[in-house]
Amino acid sequence: MSAATVQKRGIVERLTKSWLYIGLAGVALVSFVRIVTDTDDLTGAGTIRAAIIATCPILAAALGGLWAERAGVVNIGLEGQMILGTWGAAFFTYHYGPWVGIAGAALLGLIGGLLHAIATVTFGVDHIVSGVAINLIGAGAATYLAEAIFPDYEGGGPRQLNGLEAPAQITIPGVSDLANTIADKHWFFVSDVASFVQALTTNISTLSLFVFALVIVSAVVLWRTSFGLRLRSCGENPQSAETLGVNVYLYKYVAVLISGALAGIGGGFLALVSSSGFSTGQTGGRGYIGLAAMIFGNWRPGGLLAGALTFGYTDSLRLRDTQSVHALLLLVGIALLAFAAYRAYRGQITGAAVVAVAGAAVLAWFLLTDTVPREFTVMTPYVTTLFVLALGSQRLRMPAADGRPYRRGSAG
Amino acid sequence: MPSAVDAVQLRGIGKRFPGVIANHDVDVTIRSGTVHALIGENGAGKSTLMKILYGVQRPDEGTITIEGREVVLKSPTEAIEAGVGMVFQHFMLADNLTVLENMVLGAEKLHGIGDGARAEIRRISDRFGFDLDPDVLVEKLGVAARQRLEIAKVLYRGARIIILDEPTAVLVPQEVDALFANLDELKDAGNSVLFISHKLDEVLAIADDITVMRRGTTVGTADPATATKHELAELMVGSELPSPETEESTVTDTVQLSLADVTLTDEFGRNLLTDLSLTIRRGEVLGIAGVEGNGQSELVETIMGMRIPTAGRIHLGAEDVTNWHTRRLREAGIGYIPEDRHRHGLLLDAPLWENRILGHQTRPPSSKGIWINRRGARQDTARIVEEYDVRAPGIDTPARALSGGNQQKLIVGREMSGDPVLLIASHPTRGVDVGAQAAIWDHIKRARRAGLAVLLISADLDELIGLSDTIQVILRGRFVGTFDPSDVTPQDLGSAMTGGQAA
Amino acid sequence: MTSERLRSIGLSLLAPAIAIVLSILVTTVVIAAVGSSPGDFWSTMFEVPKPRLRVDILNQTAMIYIAAVAAAIGFRMGLFNIGLEGQYTIASFAAASFAGAAYLSGLANVAAAIIVAMAVGALWSGIAGVLKTTRGVSEVISTIMLNSIAITLVGYFLNTRGVKEGNTVHTKNLEAGSTLGGFAPFEDRDGEIWALTIIAVLVGIGFWVLLNHTRFGFDLRASGQSESAALASGINPKRMILISMMLSGAVAGLIWLPALFGGARNYGTSFQAGLGFLGIAVALLGRNRPLGMLFGALLFAFLSVKSNDLTFGTDVSPSIVQITQGVAVLAVVVTYEVVRRWRTRLEQRTVSRELAGANGATS
């Protein structure tokens, strides 16, 4: 019995280690590009702070997607639930302060999730169809409720509500200063890590920490508890789960409700932390980017964290100077060529060639131009996701019964 | 070791679905510590009965008594609590989860989801020789291992009464032997087994008691020590066995279909079909016998152009059709009765007349040029309904509303229209009632007399022997023997199908 | 037969009827909940629209209808083309740029621009089609991504190539000869029904003929109903996916053209976004049937246009109709599913009653 256990731990260790190595290599590469192109902004604490703020809403939405899809329900309605969340955060924060505001955002998102669950689980409506309808309802409801209620509020108007109180920020005194000092030296690798630490320990919103904590909570609950096992079994083979006495409808409902609440929290983050108030249409498709981050992360918490960070980072760069974005081209070019080399090493010659050509093209673009139009950074998450889907579709593994309608009593 | 109290008593069980009576007046008694076989044709109501005993469906009437206590089973959970476990014919496993996760799902309270569970799985695995590793993903397991996992799952939950739904359908003979050895172990440990099957040889080999079902009710019991296969079969169909009578040969000299050394490999480079060669002449029925899953489906899909062979040639008449796709082959006159009519033969929600068009989109009377000829299709559908005795209220009825036999008669009628030169019939009478079965046999015989070449694939050996002019036996994607139906017995075929001997 | 026919029609009208009642209820409750008067709202909405609004409603109906047909082409095939939004954005921009450049003049320019719009729409949706057929990528995800890419890309080209005018950017204006205008049914100040709304009529008829009377339409519907049965019947599923995806995109390319050649004259601030998603909603509302979608489009156009009256005379904001529209779609898909389940049971019962004794037990 111990042999297999040891072997299993071995796998876990190896995986964690390889993720660590990839992470370290990534930081080294970024650091290298920063020095070569002389763009300190690339890993400046300011950039990373902005990146974290841009990451959190995407991350919350991606987690929402994870919960629903692990239970077999595709939730395209994340966008609508997120929009409801922005309104909920604004309304409840105005009256009761930021943490009740976050609870309100979760509540509004949860209502969106409830609609989705009723339609898809109870009535067996196509998941995509229901999601599209919920996006329409979410956008309409938030717009209407804002127009009907916010003009009477202080700082409010038909399309916005400003001056909302944000959740507290915290700074860890010693660490923050030390990291700041090291970051300012602009050393290879060390300073980049330092500025990351600095961003995490200086004036970081407690809500950001909360969202990051949700990743760990989700991972533990979904993979380390019997509740999570049952929930995942509904996404893999609900008929089988049913024959083993799992109440599939209940677990699907719980999953979709949590999914909606998480998307709502993402919306709340947008209203309270990303900006200091509600405005109509402020989600800007981040629910969809969350979905993309989840797919990028292969329906796993660690992966979707990586996806959300990548997309959040590019999202934040577009607000900064165009020079860093241009430097990023070098980064992407090198990364693509490295990936091509890896593929060639694994014997996937065609795939390697495609990636190599793309990498070369990006490098050429870097060498031949001086700036990158802002629009191209905006497109990054979408293009990346298309690439990941096109090149890695065999390696992606979504839950086996994801998106399939299920009816009780269909077992056997 | 049977004890005084019966493991299960079912009395007067009845169950109706909209439009059908699935069970009525069902009585079954399973003695404790025995293997009890429940036999009957497809559609006799066995599956419904099992689902009732396992709490998936609730009976409209009747009582269930388990180990002397009358119970009402509202869900599988309650059945499990009462000591009943079930292994479904289509395995109820999540591929993407590990053996351990599949095992503990729904029973997490027993031994947790960690090392406690792991130890218990190893204990069960060692006790019954299941050879299961808790931390392997289920997708890596073969069919036999999955079945052992299913049985282990049931035992893990402490079941004392184990239902096995057609457990041997997917197994090769050696695996069947291993399964039977496992069942003996289970019996020795004091469990009772309800074994559902329509394979009489196996039933006689393993069962202690036999109950026969027909048309939704139990029609008798038999003692395996004295009963013969023939008696059981007659009980199952309720009359003299309708056995297709071989007629005078109508085989001509014109070769209609020939395969020369056809090989088909899957994406991993494994051979699904290896060097298959066959010829079918006009007026000839070539039967293919084999245990399911030995390459029959792949052979049909290759001939139908849904798969393109990796090597070898296929000729239809004089034409080389190796690389033709399905539509072109159908236009050249191949009729196709698919194995799974719901998945491959019908648009269930479309009316009958649209189903008449399916597969004949490019040919009259269904179409004219790029246009669909609605009137032609409707008229021809009315003809098929009339000639093939399809019992339906009208041609606007959706196909879903028809019974299996009538759906199949519609398909046969459709595929026989437009003067086909070759008919591929895959399990043409599976899951249809006796009346429809006889009618379908008649249609195949008539077509053969008219010069049609037929490739017949069937699991029903009597059907194969009765209809075929030649029988080829397929095993693991190869032909392993050719038989003349006039002097072959089902036993001979059975033995060739399992690799016992090649003739 | 005829009574059965009638009942069948009645049943298919049942779902939309319930959905409309439900959305009226929800709308009323929401309005009352925020303290406004539902009475004012409904009386304003149900007033006969003024001539100018009537013209607007017809123009909007046409564009929404084209979008609905584009969505329905995918739906009937079992494909979910969420990418209409991106397809018509990029196609409208391309057509406006092409027509604005005036390589041709007069009607030839218009005809060529229509072809450009269809081609660009088809190519853009074709990306999703190719990804699905060659790499197995779900069209839902890829078209969502392509929407955002298209919209950003158009923004980029507009900023770099467009004509700047004050704070706004747009493509070059059409020459007078290529502006078609339309037909004014009332007084001139009430506006015109755009000439190219005729596209909606043609697209609707074309869709109906294609679906019900051609082999291609049969193959399309068969593939949508059962991929496995379609394959066994000789349909090449990959080809069907690619063709129907591109056809859907081509029709999507036409969505905004009536406005472009009718009044807008360039692609810029006058571009009306969101028609793609409305089209999907209307396709769902009308169950992908040509006539059903027509009613759906008319209803949605009426709600959107008529809600402008709300700003005068009531304190209800016009965006309330977005809720009504969303609820109507969700309610219709739910009720349709319920009716379908009920109907299947009914049909099975009818058949077994008529054939009493003919079929035995089944498992």
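Order as written gives the chain letters A, B and C; numbering starts at 1 within each chain.
We take it that a residue touches a chain if its C-beta (ideal position, glycine included) is under 8 Å from a C-beta of that chain, and two chains touch if they have at least 3 such contacts.
Predicted, not measured: the structure shown is a model, and the values here were computed from it.
K.L.:
If every chain is a node and each touching pair gets an edge, what shape is that graph: line, ring, star, complete or other?
P.N.:
Topology of the interface graph: complete, with all chain pairs in contact.
K.L.:
Farthest from subunit C in C-alpha centre terms, which chain would that be?
P.N.:
B
K.L.:
Given the two chain pairs A-B and B-C, which is bridged by the higher number of C-beta pairs in contact?
P.N.:
Counting C-beta pairs in contact, B-C comes out ahead.
K.L.:
Which integer distance in Å separates the CA centroid of subunit A from that of subunit C?
P.N.:
31
K.L.:
With chain centres taken as the means of their Cα atoms, state the distance from subunit A to subunit B in Å.
P.N.:
46
K.L.:
Using mean CA coordinates as chain centres, what's the subunit B-subunit C distance in Å?
P.N.:
45
K.L.:
List, in ascending order, every residue of subunit B touching at least 2 other chains.
P.N.:
Residue numbers touching two or more other chains: 47.
K.L.:
If you look only at subunit A, which of its residues touch subunit B in the complex?
P.N.:
Spelled out, the residues of subunit A in touch with subunit B are 1, 4-5, 7-8, 225-226, 229-230, 232-233, 236-237, 239-246, 397, 399-400, 409, 411-412.
K.L.:
Okay, in this complex, where on subunit B does subunit C touch?
P.N.:
18-23, 42-48, 215-217, 304-306, 325-331, 336, 338, 343-350, 354, 357-359, 361-362, 367, 370-372, 374, 391-394, 396-398, 400-406, 433
K.L.:
Of all residues in subunit A, which touch subunit C in the complex?
P.N.:
My answer: residues 74, 76, 115, 118-119, 123-126, 128-130, 132-141, 143-145, 147-149, 158, 285, 288, 291-292, 295, 373, 375-376, 378-379, 382-383, 385-386, 389-391, 393.
K.L.:
Can you check the complex and tell me which residues of subunit B touch subunit A?
P.N.:
Within the complex, subunit B touches subunit A at residues 47, 50-51, 54, 56-57, 75-77, 80, 86, 88-97, 101-102, 104-109, 113, 115, 118-119, 122, 133-135, 153, 165.
K.L.:
In the complex, go through subunit C and note every residue touching subunit A.
P.N.:
30, 34, 36, 80, 82, 131, 135-138, 140-142, 144-146, 148-149, 152-153, 155-156, 159-160, 277, 280-281, 284, 316-317, 319-327, 329-330, 333-334, 337-338
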